[in-house]
Amino acid sequence: MLQGGQFDNMKDTQAYIERIRRVSRDYQRLELAVDKSLSSMLAGQAVLARRIEKDYEIQHWNPYLRELWFPVEILNSNIIVVEVPAATSYQPGQLLSLLGPIGKPFKFRRKLRNVLLIVYDTPPTSLLMMLPALLANDASVTMVLMGTACQYDTGHLPEEIEILHAEEDLSWQDMVMTLGWADQVFVLVGPSKELSNFADVMRLVRERRNDVPANYIFGVFQRQLPCAVGACYVCMLRSNAGAKLQCVDGPAFDLTTLHLEN
Amino acid sequence: MLQGGQFDNMKDTQAYIERIRRVSRDYQRLELAVDKSLSSMLAGQAVLARRIEKDYEIQHWNPYLRELWFPVEILNSNIIVVEVPAATSYQPGQLLSLLGPIGKPFKFRRKLRNVLLIVYDTPPTSLLMMLPALLANDASVTMVLMGTACQYDTGHLPEEIEILHAEEDLSWQDMVMTLGWADQVFVLVGPSKELSNFADVMRLVRERRNDVPANYIFGVFQRQLPCAVGACYVCMLRSNAGAKLQCVDGPAFDLTTLHLEN
Amino acid sequence: MVVEVTRPGKTSLLLSTPVMPAAGTVGFGDNYRRLVDYEKLGAIITNPVTIERWHPASGTRLAPLPGGILVHTGLPNPGLKSVIQQNRQVWEKLPIPVVLHLAGTSAPHMKRAGELIDGLDVIAGIELGLNDDIDEDEAFALVSAATAIEKPLLVRLPFYEACHLAPAALDAGADALVVSAAPRGTARDEHTGRLVSGRIYGPLVKPLVLRIVGRLRRQVPEEIPIIGAGGIHSPQDARDYIEAGAVAVQVDTATWAQPKMLERIARDLGGWIATRRKDALMDEWHPDMGQTEAAQRRNLG
Amino acid sequence: MVVEVTRPGKTSLLLSTPVMPAAGTVGFGDNYRRLVDYEKLGAIITNPVTIERWHPASGTRLAPLPGGILVHTGLPNPGLKSVIQQNRQVWEKLPIPVVLHLAGTSAPHMKRAGELIDGLDVIAGIELGLNDDIDEDEAFALVSAATAIEKPLLVRLPFYEACHLAPAALDAGADALVVSAAPRGTARDEHTGRLVSGRIYGPLVKPLVLRIVGRLRRQVPEEIPIIGAGGIHSPQDARDYIEAGAVAVQVDTATWAQPKMLERIARDLGGWIATRRKDALMDEWHPDMGQTEAAQRRNLG
């Protein structure tokens, strides 16, 4: 079973919204002026955010828990950028409390040439932070959008990313080739039906590729995290190596080791 | 006991904030674009206000109940003006749901020459709407601020109003004269300790004036009204004429007829 | 749509919509007539009535809470005889059944209530409210006494003791269970600084009572209708009660916060629901508009 | 400040602050060490532990509610022996007493717990959680069995049955009552569309449990300490419990929503409260800052 884990960088700090930019029909990006400790966050790590009112008092207990935000960019040692639905209204100058960093950075293979991102019934936001680094290292990136992810407008993403839209049966053009050619695959699904969605994707992959090696395909979890410090066990997953916590050991897990039946 | 009362004008209508003006250090005035039915409100009547979110959904149940707003001015058939603490932030364009009009207009004597307003531990907002009409009819108005009401900045009130600040013992300069000279007195107290505050004022008045006639001194109640239609009985008061409801029979009651002991 | 909210056999209470206001929330008559279309409701449950006149509680009656309120009115009412005299005419004009909520005080009082109510056709049923401190024997005696009133008898159970008292109420002859009364609680009054007690209302009451309804649905015989009541603030809340096994629901203080929600829930569960088309004109009906407002708009338009 | 949270006579549990986290909210060890200054707390209550390993509940574990949440984890834990092995060293370094929360399963399990715990000085006390469905006889038997463990014994009562089970727990030898466990409830999971059950947390739980604490305070002998737990989200909430008769309090999911609130409440009730002067410099301590952050600011400044 698990220990508390390593939280030696985790802090509860204040941030405020420095700037708001609309990036597409449905999404806006918030530039957050943050504590320096958050500027060393890496792709895969997240913060739990909550609006705070005067004197740190919480007046509205709805939503009760913080929102999980994976930054899409670290602008400098003071500013991190998050992407959130445009439907929620924010104002520059608004105060936030940010708990983080949460979780472990994505582990990329040494010699990474081709990365496949599969995004299923969720916006791809949580995967976006890896893009600049991958592109800077000459990796090529393909992003397959499945289900409601197809509605995500990718106009503001780097041009170098190849974007594919899957069919209703989840298959896409040149699927076998893409899967064979990828050195690493990251699968992102929405928190609704996540285990069965991961299982769907694994079935798809196994049908196309007999050998699914270890450290090849990773599921990225986006559950709401009540505590984020390994205390509440709400985010617990079962794996061949015993129980795992999204907030401590995640958000990415080798899908060949997870128990995906509910 | 009481019947439901007359609610034949009461409606639940939408309004939005057309304009916001800061009128003093601590108060701002909201100009509300309202349903025409509210433009016939008279001094003494109020609305219950609640912010509404998209599609009329209430998302934040805190505060649970609506706020009681006595307009300070009816600008035209479309715009009513309310005065609220500057500490709460509002935005132009914000949607509100307004339930009203609530209660009965103040009843002024036919030949009213001198009106005394006593304001104790509350801002005088709920009495302000009567001022223009009184002044237009050549009545002279004296307002005595007591307790925390002394902190209210009266700079934006009409110059013709005589403003006095009571001492800590609640007495004020020329008290006996003011009380004798007044044709009608309206006493406004905050909802905290209202009955005992009314009792304090009545004691004060009775010490200065042996005969306190009927229809001379009125207490104006500002309790939070859960239903405002005479259904919940939270706002019930006891009087010589039986039970009375602030929301139906009020907000003003002849203080000589009310039971002010708790 | 016809919903039978009483067990088969005796005089039955039939509603055309499985949604009604909870006792204590809408007064004795038609106080909400300008804000709610009564035709869309299944019934009116009156404020609680006692045989003798009760005076209002003194002191704090309302304490705001985060996400809710505490209410303590002391059940003021002029006594059953006066309530009937004062409201009979209004009741006769209401387009829906009137259910009288009787505060369950004592067996002799129930007998006296029967004398006042029997023969009064305008009262379609009785909802008997059981006090929180009552034990099983007392509940049995009180409900037994109330069955002498010749009306369908709904029994409203206290929150904490709902599962304990349900069998006694049914053995004594209750035709249906209302689950439950609002839970009692204690909070600090911000004005006086003192701890005060009363009933607690707010959306977080719903998951608590919903579970009790589910348990009781499994515990009591199938033919006993259960009416769910507690923390309903949306049509979905009401539907959750139906799924948990209730045949009908009572909406409480949501009506105060947003009167049209009562009508909206009634329209939803009553099959009246209409969703405004995206391009609908202002004079078309909107779920939250209320029939009255919609009618006015049509007349104006 | 020293607060005795056990009745006089037996081994006693003394806390330097009457504030602790509730079982299930802060893990088994020091998970919150970067966010909360443990020295300011009265004790740590561990997550619930069973004798055998328990696996996590499958399916929905969390459902957001208006003003609260429903949680259902299934009490996953590796079993008492492993919990001790894995956490003993951390416990030894903690500056405050560790109270082990034992899920009350069966009398033989309690015996086995005694064998594993007795002699383990690092465990300062036991909090025994009674299941919701237990009756008075079962509660008596379970608590009796647990008294064989040579530690101060706090018994955590279920919400609905708190008043019914308290006498049995005390007769069987409980040294203190924790009132209460979070209430069970039912809500619709927005992801699966199904009704799910679990425990309900949120500020509106407080007025409900506060009333139970007040009643029990009048019901049980004066020398029995009561620890208040339920819906505490602010120092004033905690103070309300003390006024209603609790000697100490447990803070539950407020810690998740705002970790520093736990420390803030502990500082307030522990007499550590400091209010920042209006013109205070950034490096001065602020009630919500947390000791660690304050220390860092001082070091940076």
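As written, the chains take the letters A, B, C and D, and residue 1 is the first residue of each chain.
Here is the rule we use: contacts are C-beta pairs under 8 Å (C-beta built on N, C-alpha and C of every residue); 3 or more make two chains touch, one makes a residue touch a chain.
These figures come from a predicted structure and were not determined experimentally.
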Quick one: which chains contact subunit A and subunit C both?
B, D
Using C-alpha centres only, name the chain that sits farthest from subunit C.
A
I'd like to verify one number: the distance from the centre of subunit C to the centre of subunit D, where each centre is the average of its C-alpha atoms, in whole angstrom.
37
Measuring from the mean C-alpha position of subunit B to the mean C-alpha position of subunit D, what distance in angstrom results?
47
For the pair subunit A and subunit B, the C-alpha centroid-to-centroid distance in angstrom is 53
Averaging over Cα atoms per chain, report the distance between subunit B and subunit C in Å.
33
Among subunit D residues, those touching two or more other chains are 65-68, 202-203, 233
Where in subunit A do residues touch two or more other chains at once?
59, 61-62
Which category does the touching pattern between chains fall into here: line, ring, star, complete, or other?
complete
Touching subunit D in the complex, subunit B uses residues 59, 61-62
Residue ranges of subunit D touching subunit C (in the complex, touch as defined):
65-68, 70, 160, 183-188, 195, 197, 200, 202-208, 210-211, 214, 233, 236, 240, 243-244
Contacts from subunit D onto subunit B in the complex sit at residues 66-67
Touching subunit C in the complex, subunit B uses residues 1, 3-5, 7-13, 50, 55-56, 58, 61-66, 97, 99, 191-193, 223-224, 226-227, 229-234, 236, 238, 243, 262
In the complex formed with subunit A, which residues of subunit D make contact?
24-35, 47, 53, 55-56, 58-59, 61-62, 64-69, 71, 73, 76-78, 82-83, 86, 90, 190-192, 201-203, 233, 253, 255-260, 288, 290, 293
